[in-house]
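The first chain written gets the first letter, and so on, giving A, B, C, D, E and F; residue counts start at 1 in each chain.
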Amino acid sequence: MDAIAIISIFVLAVFVGFEVVSKVSSTLHTPLMSGANAIHGVILVGAIMVCSHSSTTLELVLSVIAIVLATINMIGGFVVTDRMLEMFKGKKGANK
Amino acid sequence: MNQSLYDLIGLAAGVCFILALKGLSHPKTARRGNIIGAIGATIATVVVFFKPPIHNLGWILSAIAVGAAIGVPAARKVQMTQMPQLVALFNGVGGGAAALVAMVEYQALGAEATTAEVIFTVFTVVVGCVSFSGSVITFMKLQELMTTRPVVFPGGRFLIAATLAAVLGSSVWVVIALGTTPLLVLAALSLLFGILFVLPVGGADVPIVISLLNAFTGLTVAASGYVLQSTLLIIAGTLVGASGTILTRLMADAMGRSLFGTLFGAFTAKPQDLAGAAEERPVRSGSPDDVAILLNYARRVVIVPGFGLAVAQAQHTVRELADLMISKGIDVAYGIHPVAGRMPGHMNVLLAEANVPYDQLAEMDEVNPTFGQTDVAIVIGANDVVNPAAQTTPGCPIYGMPILEVSHAANVIFLKRSMRPGFAGIENELLYDPKTMLLFGDAKASLTKVVSALKAL
Amino acid sequence: MQIAVPKEIREGEKRVALVPDVINKLTRLGLDVVIESGAGTHSQGTDAEYESAGAKIVKGDVLKSADVVLSVQPLTPAQMGTLKKGAITISFLSPTTAVDSIEAAAKAGVTALSLELVPRISRAQSMDALTSQALCAGYRAALVGAELSPRFFPLLMTAAGTVTPAQVLVLGAGVAGLQAIATARRLGAVVSAYDVRPASADEVRSMGAAFIELELEALEGAGGYAREMTEDRAAKQRELLTPYIAKSHVVITTAAVPGRTAPRLMTQAMVDSMEPGTIIVDLAAETGGNVEGSKPGEIVTTSKGVRIWGGKDVPSQLAFHASSLYSRNVVNLLTLLTKPEKDGTPLSFDINFEDEIIAGATLTHNGERRGGNK
Amino acid sequence: MQIAVPKEIREGEKRVALVPDVINKLTRLGLDVVIESGAGTHSQGTDAEYESAGAKIVKGDVLKSADVVLSVQPLTPAQMGTLKKGAITISFLSPTTAVDSIEAAAKAGVTALSLELVPRISRAQSMDALTSQALCAGYRAALVGAELSPRFFPLLMTAAGTVTPAQVLVLGAGVAGLQAIATARRLGAVVSAYDVRPASADEVRSMGAAFIELELEALEGAGGYAREMTEDRAAKQRELLTPYIAKSHVVITTAAVPGRTAPRLMTQAMVDSMEPGTIIVDLAAETGGNVEGSKPGEIVTTSKGVRIWGGKDVPSQLAFHASSLYSRNVVNLLTLLTKPEKDGTPLSFDINFEDEIIAGATLTHNGERRGGNK
Amino acid sequence: MNQSLYDLIGLAAGVCFILALKGLSHPKTARRGNIIGAIGATIATVVVFFKPPIHNLGWILSAIAVGAAIGVPAARKVQMTQMPQLVALFNGVGGGAAALVAMVEYQALGAEATTAEVIFTVFTVVVGCVSFSGSVITFMKLQELMTTRPVVFPGGRFLIAATLAAVLGSSVWVVIALGTTPLLVLAALSLLFGILFVLPVGGADVPIVISLLNAFTGLTVAASGYVLQSTLLIIAGTLVGASGTILTRLMADAMGRSLFGTLFGAFTAKPQDLAGAAEERPVRSGSPDDVAILLNYARRVVIVPGFGLAVAQAQHTVRELADLMISKGIDVAYGIHPVAGRMPGHMNVLLAEANVPYDQLAEMDEVNPTFGQTDVAIVIGANDVVNPAAQTTPGCPIYGMPILEVSHAANVIFLKRSMRPGFAGIENELLYDPKTMLLFGDAKASLTKVVSALKAL
Amino acid sequence: MDAIAIISIFVLAVFVGFEVVSKVSSTLHTPLMSGANAIHGVILVGAIMVCSHSSTTLELVLSVIAIVLATINMIGGFVVTDRMLEMFKGKKGANK
């Protein structure tokens, strides 16, 4: 992939990121942060990739640790976000 | 699996993440958003196994299992109040993972690495390590494993500046010299910098710093994505980086903190400044949005007006709020204490002026038994009439006076301008109760904001 | 041209046909204003004020030399006799009750205009003294109700228990009734109202009061006034209203049908269905009474402890503002009759029967009786 | 244990110390209630209602056998003499004006409690009859002002011109004053107010009225009451208030200093500075009058055409609700004195001077006089 | 110029376009947004000349000069009311340009073209041509060069379906057979389809169709971007395509039209359906947003209440609106007609209840001379009291009654539920005045919406 | 540039486009449409590119026409949008 494409993607993603959260009420700040936190757990994909082609033991060890950490980040992140959001759980169906 | 298909699926996961953030920005769609995010992450993780060649599959799967075995129970069991530190920790390990991935990939690329790749690697390692160590410190602060006060020591400013310089220096060293040792030195220095960076941050600013570190981690993921040639990682990382940045600013605004002050406090703060900060009893103060959300998801709300409502002449606005809630299907009553205000019937005169239907007004004896089934009691410019001291503190001027027992409601919101007491001049313990949220400001101005926020939901 | 305002001689009449404030509107037209000394005493207009407003104060008779006589109550037949031929008189000259005066006016060749007969068209609203005086009466009625009641009107929740709001029922929601509703509501009472005109339901609700729907056909006549109804319907209406009356703390009645005695809305039995200490304010007492047993100008206490206040000269009880509104109505009508000085033709009066208002309001002209057009 | 309520004998007193509604609160405690026949006549409580509420109706004297006597006005010295030794009497027993009755009570060994002396602490608010009665008086004051005024209170823009709102000035913004403000504001008047207590500025504004700031030092004593002031300051206050008074259409005065004659807020000259047709309502007329020339129970018209209404038995004019609030106050105080039946110990009364309310309110006990604590 | 730099500058132009659209979405930033867009376009155009080799420079510059010479004066001189058709025309020529570019590039690529490129070319040609011819027809409709009524003829539905089929068929033909002839046939058929597609659209739906064609053109630009390997064109085109689509839906919603019905009316409409539509006198009805914007940019507003305000019991809401305007520095007065309502002083009673300060109320004689300096007169549930018939129509029931002369204000807004007359039962010509905007609905509901919209500005 | 990059850019740009205009008041519908319309005038860039390397006369003629049309679209579009937005021109500086 060439640089300009990557930069374009980066710039556009920045805009999407900005726009999407620009009007969020403060009660959602923490859940949103937590959700975003879980999302960057996809580094797990990277960790798997490097683990898969790691050749030395050091690489293997480090990448296995990376996988563990990334998994904690990702799975734990989504679960804890869900728990935070429990208060919004159809407490009132009649809402609008 | 075909590379294009693989990439397309990755893009789909990216779209999931966008939708997840979008969803998480609105109360109604927040849960759904989180689930979409989880789906995206699952897709991304699963599909990576279909991109041969896959080696070390056993290791990989076991590592995932271990990670899940640690992460899920931790997330499940944590108490509501401890969630922020868990988020900090999760963020930290994410940052650590990114740094590790970059280091491994750096090893793997060896001499083949382009300068751009090296720069990105350096970036990932530095920021990932800062995020890791910084998050661990914030975790410890929040968990009260160490003091929550800003830690400032003489010469700290110089130490931190020196560390930063060292980090920059060794970054350049890595780029020029390549090799493992410089990278390890860089990692160590970055870890140190992360610690020094977070230590001087005071308790209230910690959430802001977590959010910032979260955005940092996002950027490291994006940088890894560049090195690993993964569009998905670029998109996901950038999204988190961008939204995290905005979010950090929003949080700082909502808390009335200066972002700059929070971040560069480390460089500018002098020890005596911070040591002098008065230690006050903590109260939970919220924003109009918070109040609006509490109200929006309530089934029954009791409005308790007092003298402050009259002072603010907010009778019309409170009626507007009540009407709005009623239109949303919420059960609303006004709980009128017989001596609220400064004249018998003060609240009646006031509310009649705003045309509040008489049948929404409930006397004390009528409303007290219902607080148990009340989700939110919103106390507007009242104080003595809800002060539990009347029941608990013999000898105080209001002892023996019957009160509106708002503390039986699931949530209590106080609208007042300050922590000052009411007519009787005695402190109200309820203000410090964990289930109480305070919305400071003139009652009319506050109510107007709550109404807008509630309309927007 | 001389405009004269005599002192009102009827007992209890405290209004005056011109207040000092409006005199400059007439003098600006080139008219001379003559006021009988003491005419404004009861409505807070001293002779001195009139004088400084540009009027001439005359002790004793002002009628003989007058071109126009403005008064609230109609002139007596004797007074009519003293007027110049061709003079104009404007007052509340009722074709049903002031028959003698009208006769006398016709005989004297006087042009007599009645404010009661000003048609209810939009353009004439500024001359509509019935409306302006009904406004005063309605306001007073609610105040009297509050004043006489041994209860609070508003709801008050106090340390000594809760005071429940008074239930006020207004029967007849015309101008006076609506104002009574507004005033009672302002004081915090729970107000409901009934009227025979179908349009009044919306009007009542627009005042924030509840409208009582009875299963009866509506009755609306010309000009927004009610029509008279059959005795059958009246009886049915009374029957259906009884439960509402029984639970009221204050009942205010304002029902009227133009040119007729007031409809009987409440019988003795209905009065007796009310609790002791309750109050009835009958604004129609002077024209026969909406309530059985009401006496104009008196408070009758029934054997069951209900007090009935019979209205008499009610607008006079608000003499200052009632006079001030009345004066403007009269001046507006007079202005309509006046042809200002123009191109040499001097100021004159012009009774132009092409004009629907003048045609409607004139009862005698050039020695002849006219029907009014209503 | 017998609770007795005699008929009020003072001329003009229409309240009653117990209304039928509250009797069950006493009978539930195990107390017997005896009512003198006709005691509730003026406050809409018939003997029949009392009976069905659980009281015993007695024709003639009810005092002799009573353990507790509840009344609005203090018992006369003669009545005190007929009480059992150790009996309790609760009423508006003023230590300044009812000296004879207090003497007599001490002599008869009666425990006399005065509602006037109930301390103004939050817990005692439910027994604070001064407040509940002031509430009634303040409401009445505004109504009387509206009723007497020849002007409308509200602003009305009509086809016959605009009616400007009345300017109402309230002097003394205590309980009665605030309620007067509220009521006049509801009717649409433009209200301003003045009081010596600094806290009252906020209170007045919280009613939507304007507070008049005079450049004078504030005066606040114990319990939220005002202190008396020097003649110098009083004169200065009058001087500064004069321009506000001169432009008012209705002035309502409610100023009081506990245990003193009412402060003189308006001199004859200030009254004369007002326009003819303006109204002064002096709620303090009975205790000396805030206004020079006011007479309790009368409407005095000055030579300049200002009418001064002197309040007398004002809460009695709202007899139903005034009695009902008073009854609850009395019952709450009585309940405080009552030790309910428990574990075999029978129902009894307990005059416990540890309790600040009882200590404050008791004037005589066991043949001795007590100071009250205020 | 270095290709990367060139691309980066192109990306910068793309960012300008994003910022432009963002700016255009808010009244306060709209002008700035437009200017940013123009800057972006300028950058993009200028930079293309720095990417050698450039041939035919003379032709290019002359063509630009000619285009500017046509476009600028047209845009400058057009009257406010004719702007929509000009936009339609501009959009059409843009679509035409895209189609031409694709055709030329197709020629240039010749046999080298990949299938993907051919497909994109076909897409561009089809959509560009449809956009061109469709826009021209909408232009003619709006300019009243042809009937504004839906043009429907027997068998039209079949003709249009057949044309569509032919377009699809020849698209396939182009992809398979290549060559110029098929492409020209395709272009011709597409032009025809564009005409047929727009003809059955009725007057009120035209703006929606313009917006849709605008989004189409955006997509063709994106497709050209693919063929021409220009990231800038891809981004700009996609942006317009996406935002145009959303905008089309928003417009349809705001006008209460179904998007589906508008677009497929051509296929579903039967001639008699449309011919039957009643021809009513046109009134200008607006949305709460429109009202809010008018108010927001006014210096002086006069509120004229009438019986409808009382019926709706909207006194509290109108006060809220007035307070809000005052807080924005707008000069607000209530113009009270002596006979507004159904009782003397009706409006006073009502407004006093809502605590409107007396000094904001102005009598008729006081307020009439000020309408000349009033930007907006907002008539809430009043009718007779502002009806000019009182001055112009001798013999009508209100002839001779003085009225509030709201027609002297720069804008008049009526809040009422329908076109029904008031108490006197006579039509009010002012409702049809071009400076009048109607906001239909219950006064309270409408005011509530206006307040929200005004707060959001 | 590879397909996945282009698709990514496309998808992200769609999101940006959606988000950016999703809450626009109806008074701005027309100016926004007009502004967007002007933006797609950047096809001018494409037209210039094809004109620059056009070899046959037909190509030249067509591409010159394309340039003219695109210029009209772009310049005219921005100018007309600006005119539409005149009502928002600092009519009141005091606003917020």
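Everything that follows uses one rule, which is that a contact is a pair of C-beta atoms (placed from the backbone, for glycine too) under 8 Å apart; a residue touches a chain by one contact, two chains touch by 3 or more.
Bear in mind the structure is a predicted one, so any value in this text is a computation, not a measurement.
A.B. asks: Count how many hops through touching chains it takes, at the least, to reach chain E starting from chain D.
C.D. replies: 1
A.B. asks: Given the two chain pairs E-F and A-E, which is bridged by the higher number of C-beta pairs in contact?
C.D. replies: E-F
A.B. asks: From the mean C-alpha coordinate of chain B to that of chain D, what's the distance rounded to whole Å?
C.D. replies: Their C-alpha centroids are separated by 56 Å.
A.B. asks: With chain centres defined as C-alpha means, what is the inter-centre distance between chain B and chain F in Å?
C.D. replies: 40
A.B. asks: Centre to centre, by mean C-alpha position, how many angstrom separate chain A and chain C?
C.D. replies: 79
A.B. asks: Do you know which chain F residues sit against two or more other chains?
C.D. replies: In chain F, residues 1, 3-6, 8-9, 12-13, 15-16, 20 touch at least two other chains, as defined above.
A.B. asks: Can you list the residues of chain C that touch 2 or more other chains?
C.D. replies: Within chain C, residues 125-126, 131-132, 135, 154, 156, 158-161, 163, 186, 188, 208 contact more than one other chain.
A.B. asks: Note the residues in chain B that touch 2 or more other chains, in rising order.
C.D. replies: 18, 231, 235, 313, 338-339, 344-345, 349, 352-353, 355
A.B. asks: Sort out which chains touch which and give me every pair.
C.D. replies: Going through each pair of chains, those in contact are A-B, A-E, A-F, B-C, B-D, B-E, B-F, C-D, C-E, D-E, E-F.
A.B. asks: Within their complex, state which residues of chain D touch chain E.
C.D. replies: Chain D reaches chain E through residues 154-163, 165, 188, 190, 208.
A.B. asks: Show which residues of chain B lie in contact with chain F when the two form their complex.
C.D. replies: Listed in rising order, the residues are 4, 7-8, 11, 14-15, 18, 231, 235.
A.B. asks: Which residues of chain D touch chain C in the complex?
C.D. replies: 43-44, 46, 125-126, 128-129, 131-132, 135-136, 139, 143-144, 146-147, 149-152, 154, 156, 158-161, 163, 183, 186-188, 275-277, 305, 317-321, 324-326, 328-329, 332
A.B. asks: Could you list, by residue number, the parts of chain B that touch chain D in their complex?
C.D. replies: Those residues of chain B that touch chain D are 307, 310-311, 313, 338-339, 341-346, 349, 352-353, 384, 390, 397-401, 424.
A.B. asks: Along chain B, where are the residues that touch chain E in the complex?
C.D. replies: Spelled out, the residues of chain B in touch with chain E are 313, 316, 319-320, 353-355, 452, 455.
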